[in-house]
Every structure is written in structure tokens, then in C-alpha cells.
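Labels for the chains are A, B and C, by order of writing; each one numbers its residues from 1.
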Amino acid sequence: MLETIFSNWILPTLRVSTPLIFAALGGMWCERSGVIQIGLEGIMLVGAFFAAVVTHSTQNPWWGLVAGMMAGLVLSLGYGLTVLKWRANQIVSGTAFNLFAMGIPPFLSMIWFDSTGSTPVIPGESLFRSAPLLLMGSVVVASAILYHHSKFGLRIRFAGEHPKALESSGVSVRGKRWQGIALSGILAGLGGATLSIYLASSFSRNMSSGRGFIALAAVILGRWMPLQTVTACLLFGFTELVQIRLQGVVLWGDRAVPVQWIQILPYLITILVLALAMGRTRAPKGLGGDE
Amino acid sequence: MMNAIEFRKVTKRFGGFTANRDLSFSVKKGSIHGLIGENGAGKSTAMKVLFGIHPADSGEILIENRPVRIANPVHAMRLGIGMVHQHFMLAGPETVLDNIILGHEPGRMFVGRARAEAELTAIAKTYGLDFDRWDRPVSELSVGEQQRVEILKLLYQKSQVLILDEPTAVLTPQEVKDLFGNLVKLKEEGKTIILISHKLKEVLGYCDEITVIRRGETVGSRSASETDESELARMMVGREVSFTYQGDRKVFANAGDMKPVMRVERLSIASSTEPLRDVSFDLKPGEILGVAGVQGNGQSTLLRALSHPARHGRSWSGEYLLNGRSHSDSDPIALRNAGVGLVPEDRLTEGLLLNQDMTENFLLGQHEDPRYSKNGFLLRAKARAVTESKIKEFDIRPPHPTVWTGRMSGGNQQKLVIARALDPGPSVLYVAHPTRGVDVGAIEKIHDAIIQERNRGKAILLFSSELDELIDLCDRMLVFYNGMVRAQFTRSEFDPWAIGRVMGGGDR
Amino acid sequence: MKNSEKVRIPQSVRLFFRSLAGAAGGLALGLLICRVAGESPGKVLSVLVNSSFGSGYDFGMTLFYTAYFILAGLAVAIPFKSGLFNIGGEGQLTIGALAAAWAGVVGAGIQSHTLAILFATASAFVAGGLWGAIPGYLKARRGSHEVITTIMMNFIAAGVTSYFTLYSLKDPDSSQAETIPIPEAFQLKPFALFNGAPMGELIIALAVMTVVLHVIMRNSVWGYRLKATGENESAASTFGIPAPASWLSSMFVAGGIAGLTGLVEVLGNSHRFKIGFSADYGFVGIAVALVARGNILGILPSAFLFGVLQKGAGSLDLETDKVTRDLTYIIQGLIILGVASDGLWDWFAGFWRRRNA
């Protein structure tokens, strides 16, 4: 009994939540440093693409993970350049990066595979079994410890909450924000990678399908705190699992529930949960503001 | 005695504007030194030069008689200079301990909270700063306690010279006394303290030496024992001034018998941060009723309630009457039509659209007035003409209605806010902190306007954190403590010490 | 003080040229990227231009895309005034298109062309408006961040419209996922001048509508209320302009206008609702509004620019080996960045000064 619950529900929930958790923790670090990170979606997409490409060509998923992280990092550093150096509006620039990122996979897949936005299927023996789960677990633990007990965590929190206080203590706010942005790129890139080479076996067009925004909702719901954010991700991951399981199931009468109603479930739940969480959340005071 | 700090002909320019010109003065080691001047005289700039925020353009700064070039705040801190800013550099949700040790954590990778706490307890003991709640979030502390946290932060950083920017602006007279008591202890332990202020009494009472700055230049330095209030005032302003209101203060002969235009009965507002409990009072034509109290004791909630009852919904209980009519669920537009004018608490966040010009700002709240709009469209030309006339009447500068309010000085912004409140000819005025961050010239003008409105028979409710201002202007005063009216004073009973005692929760 | 002697160029003119230069820079960078695919930027540019202006038909199609983008851009620019970032145009226009198709089906008996158009317009506007008002309501009453809710609403709109297309309005004679065609009375007639491109009086109507909206946003009390909320929410509410009212009304109007984008598609082009008809037009609207810097009149040239890009990109698939229409996403992103990065100008100026020093 317990074992079937574990293998049928708990483990799959953890699996499905993995991309969300990576991306959400990245988003949390970035927003804690005071920078809004709307671009998680695009970073995940690009991370997923490069992970699939590199795994396909090396037949080694570890290189795929590294590629996903690197692609995410590069994209996030570009974002950092526009918002930290060129003072672009963070939401506007994040949106631009999302659009930009939507164009990259089809552009490159045309050159490399003569397809508009998908990559060749990677054989099963070159894919991960459970390593990403362990990696996810350690990133969660590390994030929680760093957040509460490290100098890095303390300073990044002040960069978002009261940047002037941090600056007047002799620590560069901009430096912390660069670090937060870089972390969001690495982690969301990693999240994207698990999407294509852990949950699937290739990259398919627009495969992030809103997960970057759901991860952002999880950050808000988790009040910008690591463990609460992870909990919110698990809730959204579970909704996605239910969505997958419900397809083709007959709930009442003799007809299966239309697949369209089931597919919108994760998005609906995200909106509902966000609306119900009102008043319980409080963003870092300096979020989106100047240094 | 050695000089802790010496300025030699320091000049600082911003574009074409010279904020400090050949500023020279010296601060003796182990003394409390007052730096006074009007708003905008350049005292804050001088301290920012010293703290490395804005490096000087020319001139020399000496620390313990050695010339130094201070490039940035970190450098200043390493040289032993620390600063308590007027707006505290504290993050509310974080703990006292984390706020203090930020940037100077004892650990390598981890924070090292246990070690830091031991060290801080020792520091607090050495300097007699009574404090031990290190793990509380800063937002739970009173303003006075937060200030003590700021001072502890400097001591933890081993600062030798402590700069305090207008430290008493938000404190009760009792808290001010405690603060200076602490500063004297610090002085006895060998620290040097520079106090930026515009309050002559305090500076005279506690400083050893005082330097006066006017228009970016040093007027002179005086030993506190050899000068007096009127000399310092003359040095500050450049002419004879009086710091209490001298204008025509007509007394309404029968003010006592007039019917109140506004009345509040048993008003309570439920709020987690600053509730209001069972408040009753009334306001008569031709009187200025002051609302005093330490920040956070219900005054803000009262003003918000009176200026926008509809926003409070179920948290509201009690009665609010204007000319005998209930307004317990009115919105600002309805109140305006009932004859209420409003000068909000913070003109920047609640009063102005900073990226819009004066005309657009003049329209705020008046956008539905039939004088300025018709059939759903604005009559901008009309609004602009009236704005132009207000600019003349209130001497608002620069005198162009197309100037963005965000580019105007505090005093001129405030004059515009007041002009707007008076435009419809209100019978009741709610005025909050009318002179906060406003230069002396504008203060006189604004006080003048308020008294004149009173003399014309307006009923004025005046909120201020400056007790002196309330004592100067008011006919009556309510003192708030813990969301309640703790005491009421009439003009003949005004005594700063008695009022301060009540503000701190004591009895009259 | 310092600049008083210099000739002052009006802020709006300066911003217009900055937008233009930013857009040009983004476009140039996007074209340069084509080198990666082994195509010469010059060739890609000439494909883009030829395909948009090459013939009456081509230009008609360019104007048709421009029509889409005027509406999609307005749907972003209006809530922007009240401080909201509507990235839900995609969902709102999908719902509007379905509503227009639905109007054609239930209103099959309507003979009068005018009446039919009015009925379809009202349906599309109200449906899109309500869809947009939901995130507006959630922001106003529950404080939910509109960027997240509008995105989620896009996905929900895709699901909902595909359900209705497949289950209630499905064309039994078609093997595609599309609704029953709308009757003739509902169809917009194109100008002959455009050789069959679906573009007629519509573009004139839209240009007039944009000018009217410009006047409304600028001079009406409603426009003032939106602006005040967007500029300073707490000052606005202190003086009797509650933010919820501004948010709700601006999102309703924006959603309605986005819904009209769907109307243009259904009445003017395909005469039915087809699943997936929009090539992310709602997202292009974001770029359009940003390049116009939220200025309502600026939407017109900006929408035209993106119309050219959209029409031209369609030909990339055929005329180049390795560059596809998806290049537009990259170019759009780069154009937005070019326009939004204010500090880039100081950076360039500094670079220039150092070089010439």
C-alpha cells in the first residue's frame, strides 16, 4: 500500500516538480537580490534545448546538464547587462528575453537538424534515471542553509530588502544582484535541462509551456523563502501529475473528461492559489528598484 | 587637544551648483560638535563628502591631523568614520543582530551569529547602551530603539567618529534626553560625535562646539558656552529671525461658543500595525487643533480614516460628522464636496505625481470638479490658467506650470499641495507635516498660510511630529498614545515637558 | 541650470528618435545573427522588404498584419498607463476570435451587413474584455501579479477555445480543427487594389479609432484616472482615484481591443475560427507598445514596422535555406531591448567620448 503510493504518486510528483523546483529556487535567489525575474520561462526553454542537443551529440546526459546550465547562465547575464548596466525596466527586458528565447531553438534546430524547433530523440540508455532527483534534493538543502545561515544569504537578502543599508555596510549591491541573476540563470537552465533529458527524451517546440511563470508563482506563494517555495512547487507538480493521470479517465457518465479541461488544470490552479494567497505574501521591499 | 576631523577649504559642486564652497572647520577629538544650518545650507553635503559618498572637488580633509582622500563609504568606515542617516538604514523584517553585523559578519562562510552576539553584548555594556533583544525583527522596535541599533552598528564597526544626521527629528523630548545621555557616555569613552541639526536648543544644550553653515560656506564656529540662540539664528539665516510665529494671530472672540463643523465620536479602526481606539473630539471654525504623538501611535491611522473613510470598510466603527452629516463611508471626492481640504502626510508618496507637471498635479482630486471637467473631459486650459495664478499667489518656483513636480524643491512642492487643498475653498483642513523637509523661507510662508486660513474661520486639524511647530501654531492639542487620545491641552497649558511625558505614555 | 544655454529638443521628439534608433539597432543585430545560419543579412533584409512591398497583394497583407498589431499594441499600451503589464493579449484575442465566430454561427439569420458587423464586434469586444477583466479583478481585489495571471489566462484560453471549437462549433464538413464558417453578411470586403489580400476599410477604421483613443487617453477624466494610478497609486487613491477601478476598467478595455484582433482575423481573413491561427500576435503587441513607448499615436508607425517584419518573415521559409519565420521572435526581442535599454545611450555616449578624447 505505502509502497504503491510512493511509486505511483510521491515519486512521480517529485519527478514532475524537479524542473519547477530548480527554476523557482533560481527565481527566489534573483528576486531576493532585488531583481524581478520574468525571464525564467525563456531561460528554461533555452536550457532544455541545449541540454537535449548536447546530450544527443555526446550521448552523456551530464554534459547535457552542464550545457543547459551554461546556456541559462549566458542568457541571464545578458539580462543582467540590460537591467543592471543599461537600466532597462526589469519586466520589459525579461519579456524581451522570453521572446528572444522562443526564437533560439527553432533558429538553431533548423541549422543543425533541419527541423523547426525539435531535436532528435535521445536513446534511453543515454538518459537520466534518478540522478536529477538527488541533485534537486541537494540544491534544496544547500539553498535553505545558504539562505538562513551564510553570509551570502544574509547579504543577498539585504540587497533586495534594503539595498542602501547593504551599500552603506561596504558591500556592493550590484555585485550581489549579479550573483542572484547568475544563480537564476544556472538553476533555471538546469530546470530546463531536466525537462528535456529527464522528463522527456528530446526537446520539443515551446516545451517549457508556462513552467517558468508557474515557478514564479511558486516563489510568490512561498514568500521568497526556500522551503516554502519548494513546497509550492510540489503543489504545482502534483497538479500537473493529476492532469497527466486524468487524461482519458471517465469520471461521470460514459464520456471521458475532455482533454482540454484537464490540460488547463495546472494554469487554473496556479491562478486560484495565487489569488487565495493574498495578504500572506510580502515581496522584498527593494524588488525591481534601483541600487 | 587633537582634531579628529578638519575641513580645509573643501568645495563640492554638482553641475553648476556649488553645495560647499571653501568649507573650513575642525572637530576636536572626544567632543560633541554641532553642525547647524538651514535646509539646503550644505551641512548634509559636507557630511557626505566626509563619509565618502560624494568625494570633494577641491580642498583637504584631515583625520587626526593627517590629510586623507576619502574615496567611498567603505574607505570612510575603515578610517573610523560612521554615520547614522536620517532615514535609518535598517531592514524591518530582519533581526536586530543581522542588521548590525551586516557586512562585518565574524564568520568566513557562515554568519557566525553566536560570536557576534557575545561581542555585541560586551559593547552594549561598555557604552551603557541598554539593549539585549538581538533576535527580534527591527520592525518591532520603537523609533528610539531603532536609533540605538544604528548607533550599536557604528560601535560594532569600531567607528571613532559618529555622524548623526538630524537624530532628534522623530523622538519625544524624553527620548531625546536619553539619546543625549548616551552620546555623552560615548564621548566619555573617547568617541567623537558630529551632530547635524537645525534645532538650536538641543545643539546649545549638549554640544561642546558649534559650526554654522550658510549657503555652502562656513559662517563661523562658536564654543557652546560663549554663544546663544539668537546669535546662532542670526548666523544661520543672515538676518534677525524669530523661531516662533510672529504674525497676526487674531483670537476668535467667541470661538468657544461656536458650533463644531467636524466631530468624531468613538472612532475605532482595527489595524494590526497602528490601530485607533475609541477616539472622540470635535473641531470648531477658527481653531487649529494639533495632533501630537510619537510616530505610530494612531495619528497616521486617524488621518487616513478622516481623509478616506470608505477604504476602511469593516475595520471602521464609530461616527464621523461634517456639518452634522455622517461621512463614515465617504470617499475623498465626497469629502471634498463636503468642504474638506487635504495636505497628506508624505507629499512624495501620497500627494504628487512626480513625473507630471504642475497642472496635472493641480488637477489631482479636482479632476471631477465642474470647474475643471465637463462631460467626462478635462478643461486643461482652465486648470492651467488657475495653476498659473496659484504659482503667483504662493510664490512657487520655478514659476512655470509645465515643470515636473519631481524636479521642484520640497518647499515648492509643498506650496503646490497646499494651494491645491485650498483651491475649492474648504471649510475644514487636514494638514499633515506641512513643513517636513522644507527650507526656512518656505516654512514661514506655509505657517503664514495656515494661520491666515484659521483667521478666516477655517477649522484646521494639524498633524506634526515637530512639537515646536504644534506649540507655535495650535489653539488646542490632542496627544495620542497607543491609539487613544491620552490627554488634551489648551494653548495656555502648552508645556513641552508635560506634552512629551504624555507622548511617552506618562501622565500630565 | 547647466543646460539652459543649449537648444532643448522636446522630450517626445528625443524619445521618438531613440525608439527609432533602438529598433533599427535591434533589427540590425537580428539580421547579423543570420550569418550564423550561413545567410547574408543583406539577402534576408531584401527578402523582408520585397515580401512586404513587392506587390499590391504583398502590401495589402502587410497592412493586414499592421491591423492586427495596432489592436494588439493598444491592448498593451492602455493598461500600461494604469501601471499594468498586460501580456495576456494572446488569450484575449483568441477568446475574441472565438466570440466573433460564435456570433457568425448564432447570428446566421442576420441579413444586414452593418448589424452583423456590430453584433460580431460587440461579441468579440465583450468576450475579450471579460477575459482581460479577470486578471484586472484579481490584481485589484486579490493583489495577484498580472504578469503571471495574464500568462496563465493565455494557456486557459487556448484550452477553452479548442474545446468549443471541437465540441460545440465544429464544422462537420471540415477535417481541420475549425468552426462553422460565418455567413456572408459578416464578412469584411477587401479593397480590389490589394489583389485579394484581406484588407479593406478596416485599416482606415483602425487608424481613426487609434486617434480617437489617443484623444480619450489624453483628455478624458478616465484617461487622467488611469494615468494617476499608473504614476502613483497611493497618491491617486488618497485623492479619490481608487486603483482597482483603474485596473479593472483598463484591463476590460484592453481585453476588448485585443478581442477585436480576433474579430479582424475571423471577419476579415479566414471567416471562421481556426485553432492556432495566431502566430503569437498578442506577444508582438508587447513589442509594438514598447517601441511606441506607450504613446497611443506611436502605435501606428510601430505596428506598421512589425507588420512589415511579420509579412516579410513569412517568406523566409521559402526563400532562404536555413532561416525561418521564427527569426521574428529573435528580432522582436532584440528590438525591445534596444528600445528599453535607456542606459545604453549613456554607454554609447561615454564610449564615443573616450574614443574621441
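In the analysis below, a residue touches a chain if its C-beta (ideal position, glycine included) is under 8 Å from a C-beta of that chain, and two chains touch if they have at least 3 such contacts.
These numbers come from a predicted model, not from an experiment.
Centroid analysis (C-alpha atoms only) places B farthest from subunit C.
When chain pairs are compared by contacting C-beta pairs, A-C ranks highest. A straight line joining the Cα centres of subunit A and subunit B is 45 Å long.
One simple way to say how far apart two chains are is to compare their mean CA positions; for subunit A and subunit C this gives 28 Å. Here the CA centre of subunit B is 47 Å from the CA centre of subunit C. Partner subunit C is touched in their complex by these residues of subunit A: 38, 82, 85-89, 91-93, 95-104, 106-107, 110-111, 116-117, 209-210, 213-214, 216-217, 220, 258, 260-261, 263-264, 267-268, 270-271, 274-276, 278-279.
For subunit C in complex with subunit A, the touching residues are 33, 36-38, 85, 87, 138, 142-145, 147-149, 151-156, 159-160, 162-163, 166-167, 280, 283, 286-287, 290, 322-324, 326-334, 336-337, 340-344, 347. Against subunit A, the residues of subunit B that register as touching in their complex are 73-74, 77, 83, 85, 89-94, 98-99, 102-105, 107-111. The part of subunit A that touches subunit B in the complex is made up of residues 149-151, 154-155, 157-158, 161-162, 164-171, 282, 285. Subunit C contributes residues 1-2, 219-222, 224-225, 227-228, 231-232, 234-242 to its touches with subunit B in the complex.
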